[in-house]
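Given below, in the form of C-alpha cells, are the structures.
Each of the next two complexes has subunit A plus one other chain: subunit B in the first, subunit C in the second.
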Partner chain A sequence: MKTISTEGAMLQTATAAVDWYILAPVVIPLVTAAILIIFRRAVGLHPYIALLALAANIYASFELLMKVKLEGPLAMTMGNWLPPFGISFAADLLGAILTLTSSLAVFCVALYGMGDASSRERRFGFYPLILTLLVGVNGSFLTGDIFNLYVWFEVFVISSFGLIVLGGTRKQLDGAVKYCFLSLIATTLFLIATGYLYGLYGTLNMADLSKIVAPLKFEGPLVVVSALYLLAFSMKAAAFPLYFWLPASYHTPKIVVSALFAGLLTKVGAYSLLRTFTITLPVAGDSWLMDVMFYVGVGTAICGALGAIAQTDLRRLFSFLLVASIGFMLIGISIGTETALSATIFYMVHSILIMTALFLIAGVIYEHRGSLDLRSLSGMNKDLPLLSLLFLGLGFVAMGFPPFSGFWPKMILISETIKQEVYLGTFAIIFSSFLSIISLGRAFAFGFWRPLTAGAEDEVAIQAKQLTVYSKLQYVPVLLLMILVTLVGLLPGYLYELSSLGAKGLVDTSSYIAAVFGGAL
Partner chain B sequence: MNTLILRTIVPLLTGLMVIYSIVVLLAGHNDPGGGFIGGLIAASAFALYGIACGVAPVRRALYFHPVSIAAFGMLLSALSGVISLYKGVPFLTGLWWFPEIAKGVEVPLSTPLMFDIGVWLVVVGSLVTIALALEEKE
Partner chain C sequence: MESYLSILVGLYFAGSVYLLLSQSLVRILIGIALLGNGVNLLIFTSGRITRGVPPIIEKGAKVAEASIANPLPQALILTAIVISFALFAFVLVLSYRAYQEIGTDDTAKMRIAEPVEPSHLPKGY
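Moving on, here comes the complex of A and B:
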C-alpha cells in the first residue's frame, strides 16, 4: 500500500496542554451533565456537583481570558487536522469575555436553583439541562466554524426546549410552542444560509471565509446569504419587528429558567451578528445592510422600551427591557467603528449580568408575595428593606445611571453616534433609556413605595409563613450579580480595556486569521 | 400486539438484530455502518420487543434506565476526545492501540471506536426512551 503524506493536511507539532483552556468551557459542563443524568436519582447531590463544575468552568474561562489577553487569539483545530479541513475552535477576546460572563451568570442561576427547583424538576433534568445550555452557549462563543456555530445553536436551543416545559402547565406549553416555532424557523434559515455559503465558497471556517470574502464586492449571492444571516440572527436576538415571541414566552417558564434565557440566549444572537458581520463576512459589514441593521436597532430600542411601560407583569416588563437592550447592541454593531464595537461588547457583558439579575430578583419577589402583577404588588419597602434596596440598585443599573455598569457603554455609544453624525441613533438610545427609567420607576413606585393595599395583609402573612431557609439563600445570587455590576461600574477601565482590545480584533482580522491558521498561513 | 407468532419469534429476532447492530457498529470505521445506524437497528429491536411482549420486559432486559444509557454514551464520546490531552494532540484526534490478544492476532482499538460506541449508546438510549414512552399505555 502506498503511504500518503499527510503533511499538508495534518498538524505535525504537539499541542500544549494549556491550549486546552479553549475547550474546557465546553467539555467541563458536557461531561458533568452526562454524569448528572447517569445519576439522575441522586437529585440531592445535583446542585453541589453542578456548582462545583460551574466554579471550575469559571476558573477555566478566566484563565482562557487571561491567556488570550496576553498572547492574542487562541485556536485549536479538532482531530489534528489543519484548518480549513478540521473544525476550528478560535477564542478571541470577544469570545473569551462572553464565555466568562455567561459562566458567571449560569453559576448564579444554578445557585438560585438550589432553592427553587423541586426534586421532581431536578429528576426531569433541571441541572443537566442548564449545563448543556451552557455547553451550547460557550460553544457558540468559542467556535471558529460557522456550521459548528449552527450545531451549538441546536445544542442550546434543544436544552432550552427542555427547560421551558419544565413543570408542564398549560400556560408553559403555550409559551413553549411560540418559542419553539420561532427558534426552529430561525435556525432553519441559519442552516439554509450556511448551505448557500458553502456552495459559494467551499469553506465554512470563519477565518478562511474572512480571507476569501474580504476582496469581493458586495453583490449577487453574497447579499442573499448576508441578508439571510441578518434575518436569522435578528430573530434569535429578538430584534424589531421579530421580537414579539420573546415577551410572549419568557414570562411562562419557571422564573429561574427565564433568568437563564434572558441572560444568555438573545445575547448569542447578538454575538453571532457581531461575529458574522465583522470577521466572517467583512464586506457585508461595510455595506448598505448595516443601514438596515441600524434602523432595525432603532426600532428595537424604541419599541422594546415602549412595550415596557405598558406592562403590568414584572417579567413581561423585564422582557421588553431586554428587547430594548438588544436594540442598543444592534445600533452599536451597525455603526461598526472600533469605539462603537467596544461599547457593544461592554454592553453585552453588562446586559448578560443585569438581565439575569433582574429576572432572579423577580423570582425573589414572587417568593415573598406570590405574584408578579404590579397591580397587586405593594408595600414591599416596609417589610423587605434589602429586597427594596436591591431592586432600586438593579433598576439604576438597568437604566444606566452612574456609577453602575450600564452607564459607561451607553455613554460611549451615545458619544460615538454623535461623532458619526447618526443622530437618529443618539435619539433612540436616549429616548429608550428615558422610557426604561419611567417603566422601572413605575414598577418601584407601585411595588415598593405604595403602601400595602387593603386586603393584601392576609396574603402577605400567608406567603411569609411559606418561606423556608432557601428564601434567604435566594438573595445570594442576586447580591453576587449586584456586586459584579457595581464593580464593573466603579472600575470600568479594566473591562473597557478588554472590550476595546476585543473590538480591535474584530476590525483588524489579521490576528484572528493568523491564530487559526497558525504557521500554515 | 398479542399474537402467538409474534410473541414466539420476536425474542429471537431481537437478539439477532442487536447482534447485527453491533456488527454494523464495529464495521463502521472502514465500511458502511457506524454508531448512529447501529444504534437505530438496536433501538428498533427493543421497540419491536416492546410491541410484542410489553414494555416491562424491555425495561427488565435493559436493566439500566434508557436515559442513563444515553447519558453514559454521551460521557464516553466526550471522554474519547479528552484522551488526546495526554498525547499532546488536539481534541478528538484519532488514537490507535493494537493489543495482541493471542499470537499474531491484533485487535485494533481506537478513540474513534470509543466515540462510536458512545454514539451507539446515545442513539439506543434516547430512541428506546421515546419508543417505550409511546408504547406504554397511559
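Moving on, here comes the complex of A and C:
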C-alpha cells in the first residue's frame, strides 16, 4: 500500500499507472489534435490520423466502460494531492457510457468530414477542432470537480466557436453571433454559481460536496446556487424557455459541424444537470426545484415538437426535434427515480447517435440536391432509393418506433410517469412524439414521395454531375449509425443493464464517494 | 470588507445585465466584459478577504503557523480570467466580422439566419 503523509493531503508515491487509464479518452484526442496542428500543412493526412486516433479512443472508452462495469466507479486525483485538494477525475457508469457514445459519434462525423471538409477548411483546423471538442466533452463526462467541469465546458465551447464560423458566410456569422454570445453568458452563469458554491462550502470536489450537502436542508443560499445551476445548464441544454439560440444557429454552419453539435453539445448540458442534481447537490435533487425542472421539461418537449412542425428547412426541423428530445431528458431527471434516470441515460445515448445521424443524412441530401428546403426538395425516392430508405429508417428511430433505439427509453419513461402519477409528463412525451411523427412524416412526403416538381429536373441533373467518389462514401457514417441504433433497439438489454446500473450509482451515491476518497488511498 | 465588495459585485451584475439587454452588439460586448469581471470579483470575495498575510509557509514547516490568505480563489480567478479573455477576444473579432458582412450591429436587424417572412409548406401536392 502507498503511504500517506502526516497531513493526509498528499500521496507520497507516484499515482499508479492504471489510474491514469481514466484520462485516456481525454488525452488521446488532445495529443492527436496537437499533432495535427503541427502538421497543419499536410491536410491530406489529417483525416487518416484523426480517424486512427478516434478508433483508438473508441477502444479506450470501451475498455474504460467495461472496467467501470466490473469494478464500480474509478477515480484518480492529479498531482498526488488527495481529494478534495487536487482535481479529481471520476469515471462512473454514466460518464463511461456517454464517453463511449460521444467517441462513436465523433468518429462518424470525422468519417463524413473526409468528403465534406475542403482542404482550406482542414488547414483552418477542422480536424484539430473536432478533436478538441471531443476532449472538452469527454473531460466534462469524466471530471469529478465542478470547477474543472467549467474548464472542460470552456474547452468545447471555444472549439465549437472555431467550428461554427468555419467557412464564414453571412448566414453563418449571423448564427454564430447568437450562438457564441449565449454560450458565453451561460458558461459565465455556471461560473457565478460555482463561485457561490465555493464561498458556501469551501470545496469544489463533487464527491466532497455530496457528503457536505446531503444532510443539509434545501433553503437559503443553497436554493440560489441550485437555481443558478439549473438556469446555466438549461441554457446550454437548450431547454424551454432558453432554447431560442439553438434553432437560430444550428442550421447555419457546415452540415458536418452541425451534426457534431447536435450530437454532443446539448447533451453535455443535460448530463451536467443530471450530475449536479443527483451526486453533487443531492438535496436539491429532492426539492421543489425538480418540479420547476419538470415543467421546463414539459415545455421543452411540446414547444420543440411544435416548432418542428412549422419548419420548411430540414436542418431547422431537426434542430427543433433536438430541443424536444432535451425535454424528455429533463422530465426523466426531474422524476428522479432509479427507473426514470436509467431511461434518461438510455435516451441520452439514443439521442447522441440519432441526432448526429439525422444531421449527417441532411448532408447527404444536400450533396445530391443542393438544397435542404422542403418547398423545393422533391422526388428523391425515384433516383435515390438507398437515401429514401435510410431517411425513413432514421425517421422511425427518431419518432421512437420499435424495434429501434428510441422506443425503449420512451416506453420506460412513459410507464414511469404513469407509475409516479405525473400524467402531465405522460401527455407531454406522447404528444411531443406524435407531433414529431407529423413533422418527419411531412418531410418524407414532400422530399421523397412528392413527384419531382416541374423545372427541378435540370437542377437535379446538374447536381448529379457534380457528385464525386466521396458522395458515395458519405453514406458510410450514416449507415454505421443506422446499424448502431438498430442494434441497440434489437438488443436493448445490454444498454439497459448498463444504464440502470449507472442510474443506481446516481441514486445511491456511496459508491461514487467511496471511489473518489478511497480510490487514492 | 466583504459586504462592500458584495455590493460592488451587485453593481457590476446590474450594469452588465442592463447592457446585455441592449440591441447593440457593442453594448452587449461591454456587458459581457463587465459580467466576467464581476464574476472574478465574486469568486475573490467568496474566498474571504484577509489582509497582508500572503500564503507562504515558513521553511521547514509543513503547515502555516498563523492564518493566511486563501490562495485557491486566486487560482480559480486566474483560470477564469484567461478563459474569459480568450472567449472575449473571439467574440470581439466575431462581432466585427459580423458587422462587416451584415452591415449592422443591431441584433434586431440580424435576421439572415432566421428570415422575418414566414415560410409555409404547400398544403398538398
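Here, the second predicted complex is superposed on the first by the 506 of 521 C-alpha atoms of A that agree within 3 Å, B and C clash if a C-alpha of one lies under 4 Å from a C-alpha of the other, contacts with A are read in each partner's own complex, and residues count from 1 in each chain.
Note that contacts are C-beta pairs under 8 Å (C-beta built on N, C-alpha and C of every residue); 3 or more make two chains touch, one makes a residue touch a chain.
Computed from a predicted structure; not experimentally measured.
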{"item": "Partner chain in contact with A:L70 - subunit B first, subunit C second, else both or neither", "value": "neither"}
{"item": "Partner chain in contact with A:E154 - subunit B first, subunit C second, else both or neither", "value": "second"}
{"item": "Residues of subunit A touched, compared between subunit B and subunit C (which is higher)", "value": "C"}
{"item": "Which superposed partner A:A34 touches (first subunit B, second subunit C, both, neither)", "value": "first"}
{"item": "Partner chain in contact with A:V469 - subunit B first, subunit C second, else both or neither", "value": "neither"}
{"item": "Which superposed partner A:N80 touches (first subunit B, second subunit C, both, neither)", "value": "first"}
{"item": "Partner chain(s) touched by A:A461 [first = subunit B, second = subunit C, both, neither]", "value": "neither"}
{"item": "Where subunit A meets both subunit C and subunit B, residue numbers", "value": "none"}
{"item": "Subunit B residues within the subunit A interface of the complex", "value": "65, 67-68, 70-72, 74-75, 78-79, 81-82, 84-85, 88-94"}
{"item": "Residue ranges of subunit C in contact with subunit A within the complex", "value": "20, 25, 28, 32, 35-36, 39, 42-43, 45-48, 62-63, 72-73, 76, 79-80, 83-84, 86-88, 90-91, 94-95, 97-98, 101-102, 107, 110-114, 119-122, 125"}
{"item": "Touching residues on subunit A, where the partner in the complex is subunit B", "value": "11, 14-17, 19-20, 23, 27, 30-31, 33-38, 40, 76-80, 86, 89, 128"}
{"item": "Interfacial residue positions of subunit A with respect to subunit C in the complex", "value": "6-7, 147, 151, 154, 157-158, 161, 165, 168, 170-171, 173-178, 180-181, 184-185, 187-188, 191-192, 194-196, 198-200, 247-249, 251-252, 312-313, 374-375, 378, 442, 446, 450-451"}
